[in-house]
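Have a look at this one.
Read from first to last, the chains carry the letters A, B, C, D and E; within each, the first residue is number 1.
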Amino acid sequence: MADMAATPIGAVPAVPKTPRSAAERQEARVGLLLSLPAILLVFVFIILPVAAVITLGFTNFELGYASFEFVGFENYVELLGDRTFMQSLWNTGIYAVIVTPISIFMALGLAMLIEAEGIGRSFFRTAYFLPVASLLVAMATVWQYLFHPTIGPINTMLAMIGIAGPNWLGAANTVLYSLSIIGIWQSVGFNLVLFLAGLTAIPRELYAAAEVDGAKTAWDRFRLVTWPMLGPTTLFVTTISVISSVKVFETVKTLTEGGPNKASEVLLYTIYQEGFVYLRVGYASAMTVVFLAILVVLMFLQYRIQDKQVHYV
Amino acid sequence: MSQNAFTPSMSLGRVVRLSILGLGALVFLMPYIFMISTAGKAQSDIFTSSLNLIPTHWFYGENFAKAWSRVHMPTLLFNGILVCLMILVIQVVIAIPCAYAMAKMKFRAAKAMMVLIMLGLLVPIHATALPLYVAFDRAGALNSYFSLVAPFSISVFGIFLFLQFFRAMPNDLIHAARLDGMSEIGVIARVIVPNAWPAITAFSIFSVVAHWNDLFWPLVVVSNQAYATPPLGLLYFRAAEAGDDYGALMAATLIITSPLVVAFLLAQKRFVEGITMTGLKG
Amino acid sequence: ETTLTVHYPMPGFFKDVMDTISKKFMEENPDIKIQFANPSATYEEGIQTIMRQVGTSEMPDLTFIGLNRLRMANERDVPVDLGPLIAKEKASMAEQGFSDTILKLAQVNGKQVGLAFATSNPIMYYNADLVKAAGGNPDQPPKTWDEVIDLGAKIKALGNGVDSVDFRWQGDDWMFSALLFGAGGTMLSEDESTVTFNGPEGQKAMKVVDRLVKEAGMPVFTKQAGEQAFVAGKVGFAFQTTGALRNTIKNVGDKFDLRTAEIPLLDPENGKLPTGGNAVVILTRDEAKQNAAWKFAKFAAGPYGASVVVPGTGYVPNNELAATSPEYLGAFYEKNPLFQAGLKQMPRMIPWYAFPGSNGVRVTKTIVDNTARVVEQSATPEEALDDAAKDVKRLLPRS
Amino acid sequence: MSALTLTNIQKSFGGNQILKSVSLDAQPGEFIALVGPSGCGKSTLLRILAGLESADSGEIVIDGRNVSRVQAADRNVAMVFQSYALYPHLTAAQNIAVPLVMRRLTRAQRIPFVAPLMPGQRKAVAAIHRDVREMATSLKIDHLLDRKPGQMSGGQRQRVALARAMVRRPAVFLMDEPLSNLDANLRVHARGEIVEMHRRASVPTVYVTHDQAEALSMADRVAVMIGGSLLQLAPPQVIYDNPQHVEVAKFVGQPRINLIASRVEAKGAIALGAERCVLLDRALPVDTPVTLGIRPEFVRVLRSGASGLPARVERVEFLGSEIIAYCRLDAIGETMIAKVTPAEGAGLAAGTAVRLSTAAEHIFVFGADGARLAAAPLVENPVREAAHG
Amino acid sequence: MSALTLTNIQKSFGGNQILKSVSLDAQPGEFIALVGPSGCGKSTLLRILAGLESADSGEIVIDGRNVSRVQAADRNVAMVFQSYALYPHLTAAQNIAVPLVMRRLTRAQRIPFVAPLMPGQRKAVAAIHRDVREMATSLKIDHLLDRKPGQMSGGQRQRVALARAMVRRPAVFLMDEPLSNLDANLRVHARGEIVEMHRRASVPTVYVTHDQAEALSMADRVAVMIGGSLLQLAPPQVIYDNPQHVEVAKFVGQPRINLIASRVEAKGAIALGAERCVLLDRALPVDTPVTLGIRPEFVRVLRSGASGLPARVERVEFLGSEIIAYCRLDAIGETMIAKVTPAEGAGLAAGTAVRLSTAAEHIFVFGADGARLAAAPLVENPVREAAHG
């Protein structure tokens, strides 16, 4: 059995083929076993409760009453004519449209400045991250004061340069923008850290190549290298940002309670209000279902659009 | 951005850059500056028409003493640490094997898992709080560490993060471990975890920050003060009708926030590394 | 030994009060132990916590419910009827200061659902320094809304970021009630079948809000913003609950000369005022516990409780004995003139109106939202009231 | 008895057949090099052998035991990976100890903190320490034992990986391009070390590489795999001097063998350029296309004279001890590569007109299917003389 | 006039002097290979040349213009990076177009969407398209123009990188180990392509590599850099046949040159083993330590006879067209490497006793500082005969 052990090309002996080898089945079994706890927990703490919410959406259940009835799509029909709900849908949209892009681009800009700067990196990183770690219950008070129309530092400073500051949280036409500012303040740090990580992963050689290729200004290099190379990071950041801005709740609850005159009603707050204050759990559940459906569609669209443009291999 | 070879050490660009960063940091820290300043003021000093950050009367002692005595701070901090730690440990212990299996093993459920994870990312706890509350009540589990921890035992975000990280780990390393005689659990415990510290740190920061500050869920499931978490404790300084006890509130906030800041400062280097290696990078 | 779990809202106000009362109570009743559940930040959060907990093992034995939410709680059959318990000791109840008027504050459709614990009425706070600067006499505070508006306009004219008035219309319909009841109006008709708050009294009431904005330049404050501006010395008059008095005093310190006075009434003769505050409600269905709970309820709502609540907060006594007896608060009022405004208004207090049906809370929200339109000047008082009436009509139970 | 036998191993990935019935055997202590171009399935075969991948069909027998259904951890094979796959968080000593720890200690004996209390643990651990140190000494890495992989150079890492694989005396030793991450000088050096180590351990070894120089210089037998099939398995000299397939000839040898298309003429004679030079043992129909293969070192470059194929130098590569001349044949326009000594090549430059010749016994003939055709120099024919020039 | 002149370039990184006053010049159209071991500063020098790094001192003149203070983007140098540094999000065509777009279009003409409205934009873009296609055709990558780098093989990427660098006809062409990511076969092939391309473009080129075979085969002149100093700059043959420094001799040549320690004897004679063989041109004090260098291809392996240094074969490597024998000298215990043809090496095996000899004219002598010492074969001496065997 020496040198001609090699079988001729193409000669395929008829060996019975095992359907899916034992080893593969073993691997599949172990894989499933390892993810089983996670699957179970997802089921118990996410799938089941969501199913319960969907079911409740078809009932007239109210907190405090022992029994409830199934009412079919009545809640959904009511939703269609609910001005508050429509208003809060609109407000949430506006809020997300403001907060998402600004917090992303601001974070990107800051990340690039920090990355370019040798000193104080960890200071800046911490300073901008701090809002992420803030306790909103307490911070609400602070923002309330900062935004105070007459004695607040912001308007006081504006007054010093001769500008009459707006009634930030008090007026219907500014309240959403003021909440957006807080939203941006809260999320920039989170995005910033993600971008910083993304930036460090860009190969230095690409910048060298860009310089040699004649990209003279920082802007040229940004367009040629930074922005496209950050694609996947941006996709991730956008996903997280959209989700979290659509989920805005705590600032509204603690600062404006949806007011004045519904000018800052947002989806999650409306749901909360219906479910926990008006105690109409059935109706709130129907709203929740709509809310989740919107999120799912948004995410699906976003991935469809962005994913292709972002991964280059 | 590559450092241009011809810029002297303190160029105009650098001055501009530093000023933007510094100014930005100041703006971002403004609420905190106000908070620190308020924590040192007497109640009547806080809302005045003049902007002074330095307290006229040095009230730090009083406010911190109040923050400390009005609520049982040690209990709050202990509960906060215990709950966050339990959540973190369970999340990591559950998420790592799952992410490992999804990243490195072939099995059919993996695709479906991915969809579940994306869905899981979208569902806020606010949406499912009520069914969960009812379930916990039926199980007689309200007012317990269990009820505070259980809903967060699964972190889809964590699975997502670890998944990206593990995908980047070389297959050969795992093959070598198998050849060396390790079981899959052995591979996870002896190879994956020791090399996933940056990712674990990154995830820990996100997880701890979120749960340390969470007010919503503890409010739902905890009525017994023995299980109160730090944000619940803060409620004692708030009066909806006519102004909070601001000085004490800020002092309490400082006490409660500082462990997080310290933790972040300690972990931030690994934190950034962690995300760098999770494939979220460019 | 019995252990009672007690839940209460707004710990910022009530923590110290509750601690003092429970300590004293346990001293007097060594066989009963009081333990507190986690308090809730607001009345709303308090009631939703209770609603959630009804029927669960977590339900506390006693709670404190905002007076305007008693009706809603009762509809869900949450509170224990205290009628039989009162009937048993009818005589001694009056002796302890629980007059019929006071018992009425916590009755729903004739059922005694609780005992009023802390009661309030709306008063006028003012900044004597600003009044003086604007040419007014701080010792002769305005008695009518016209005077308020007049002086307010002058204060506003002082400039330097000074505002005239902070009328606390946000949150609920309480302050609107103050104007409406003050004009002799009612929310609904006697039989609760028609909306009446848009009648002539209501129009007059809303007109005041409109004029405060138009003529006195009242800005659109959020609740906290108004509070902060007033204590900073930047607002001339603040109209809100007397319950906020203690905190306001603390927040003002010696920045300016804080004074209080009775709130102007559109109908000085027959005008009434809504009663704010909360009542202690027994939740436990356990007989043995109910007895202990009843003891505690009486103690908290009784003269001793009042003597702790009043100085600690600013609420008016919910107990006639406490108000008059030197043993309790007699001397206190003499030494603290700021607290007297609320006391003087006590005879005008009527229950804070609670709407029937399951949409009660939403009704109040509707009224607030429409008031907001007037304050923002995006609707005339008539429009706002009519819209509110229309909406409220829909929200009332169809009979 | 063979130490290792693979029989008819097949493997497909999603419809693509990557391994087409591969059979192979190794004698005890034999060193087999598995070579082939990138993507031909070498790693796949090795991974199937190790149990890291499962074959669709076929059988694997190690030391007389059929291990086809046995999982990787139980096969007692050791493997050195291209990337070394050292555990980055462990020191060299700990890395080397892993396979021993996993095999010799019970589960209880491995629990941190508690383990030392287990009976027999101390002794077992001491034995492991001893074996690790011994292994390290023999590979001259005992001074590195406390370093982590991040603190070692490529060559040092490679030695630690070897040590980890060797320390447990496996039944079969597999290496997947262990030298490809090293730089040229280090590679030559490491080659010697591996051969040396193999000689001492004398464990049957399958060594995957795509560097033919490595395969030729190290192996007892070389297996050439192309496109999922094993084309030839033979000692290095046989592979080089007697390739059985045109792909084998093409793959082995640097610079690459010259291949010239030709056709069978009358009586099985075949011409190179205009001159007939070899005669097939078994006559094929006239005009059957064939390919002639001539290794560059057998191409002689003549500056003058009339014999040989006329050509023009296109490019000359100086490599120090030798010179490679790329010459275009005037007649057929194909490039012939010649490898000559500096002395022979002195003065050659692009554009020089030359004549190329070779000895007919150095010409290989391959059929249209690539298989080698037996042939003999056309001795009786004057053409041969001419070719000698 | 030189096309490129570097004068006394110095560079330190945090106290470490990486470049110690390097000077170098290139004639128009010249191809200079810069070789040296890893970490010797090759890339640093290249980056300084490109303007990506600034020198601490020294001057750079390109085409008569002093560019020492000019930004990279304005130097008109092109560079091919080791990792190719292609923009992963752009297609091959777009990658190649970048340098043209950056140079030929104004800022306004580059704004997305608006650009087509700018005057002259269409024409400029069309010209760029044309140039890109032309370049691609000449490098045979026109079929890849629509692919992104992720969809290309290493060799294809490398050609795109070349095209990007070449397309704008730079004043100087810099390449930093462009072939090191390719596998052996592809590397040899790509070598030819680069040389070919260079010949056509005839732009002065500095080519960094640590592979001496590449340097010798491709360059007009080779610059050997060791530890931040340029030790020799000369044509390949000179570098190989006449190294001026022991490090140069060591770095160039595969297998590595044999170095044997020796001492100066009376009258400047030097012995190899027991036999004196060369005579220094300039006599040094007796006992001065020197090093003798003998290239493996000049070591002759004798199976019998009494002359030559007795040695024992330790290991034999078969490389197809040649055989490398590692032999340990009996007398001094050092290893000598011999490179012989298969015919000469037939029958050599580990353990064989042999005698090694060399012609004295192939012996280099280096002083203690590494510098080459001029020496001549000891002709009058019988030793030489003996050495000749």
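Following the convention adopted for this analysis, contacts are C-beta pairs under 8 Å (C-beta built on N, C-alpha and C of every residue); 3 or more make two chains touch, one makes a residue touch a chain.
This structure is a prediction, so every number in the text was calculated from the model and none was measured.
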Which is the least count of steps on a path of touching chains running from chain B to chain D?
1
Identify the chains adjacent to both chain B and chain E in the sense defined at the top.
A, D
Contact-richer chain pair [A-E vs A-B]:
A-B
Whole-Å gap separating chain D and chain E, where each centre is the average of the chain's CA atoms
27
Cα centre of chain C to Cα centre of chain D, whole Å, reads 92
Calculate how many whole Å lie between the centre of chain A and the centre of chain C, each centre taken as the average of the chain's C-alpha atoms.
41
Residues within chain B bordering two or more other chains:
2, 47-49, 235, 238, 244
Residues within chain C bordering two or more other chains
52, 161, 224, 228-229, 232, 234
Mind pulling the residue numbers of chain D that touch at least two other chains?
51, 71
In the complex, chain D residues that touch chain E
37-38, 183-185, 188, 191-192, 195-196, 210-213, 216-218, 236-237, 240, 252-256, 295-297, 315, 317-321, 324, 326, 339, 342
In the complex of these two chains, what residues of chain A are touching chain B?
24, 27-32, 34-35, 37-39, 41-42, 45-50, 52-53, 56, 110, 112-117, 120, 122-139, 141-143, 145-146, 150-151, 153, 156, 185, 188-189, 193-194, 196-202, 204, 207-208, 211, 218, 221-222, 226, 229-233, 236, 239, 243, 247, 249-250, 268, 271-272, 275, 281, 285, 288, 291-292, 295-296, 299
If you look only at chain C, which of its residues touch chain B in the complex?
7, 9-13, 15, 36-43, 45, 49, 52-53, 56-58, 60, 161, 224, 227-229, 231-234, 240-241, 243-245, 247-248, 250-255
Which stretch or stretches of chain B touch chain D in the complex?
170, 172-173, 175-183, 186, 190-191, 194-195
Under the touch definition given earlier, write down the residues of chain E that touch chain A in their complex.
47, 50-52, 71-74, 77-79, 81-83, 85-90, 98-99, 102-103, 148-151, 164
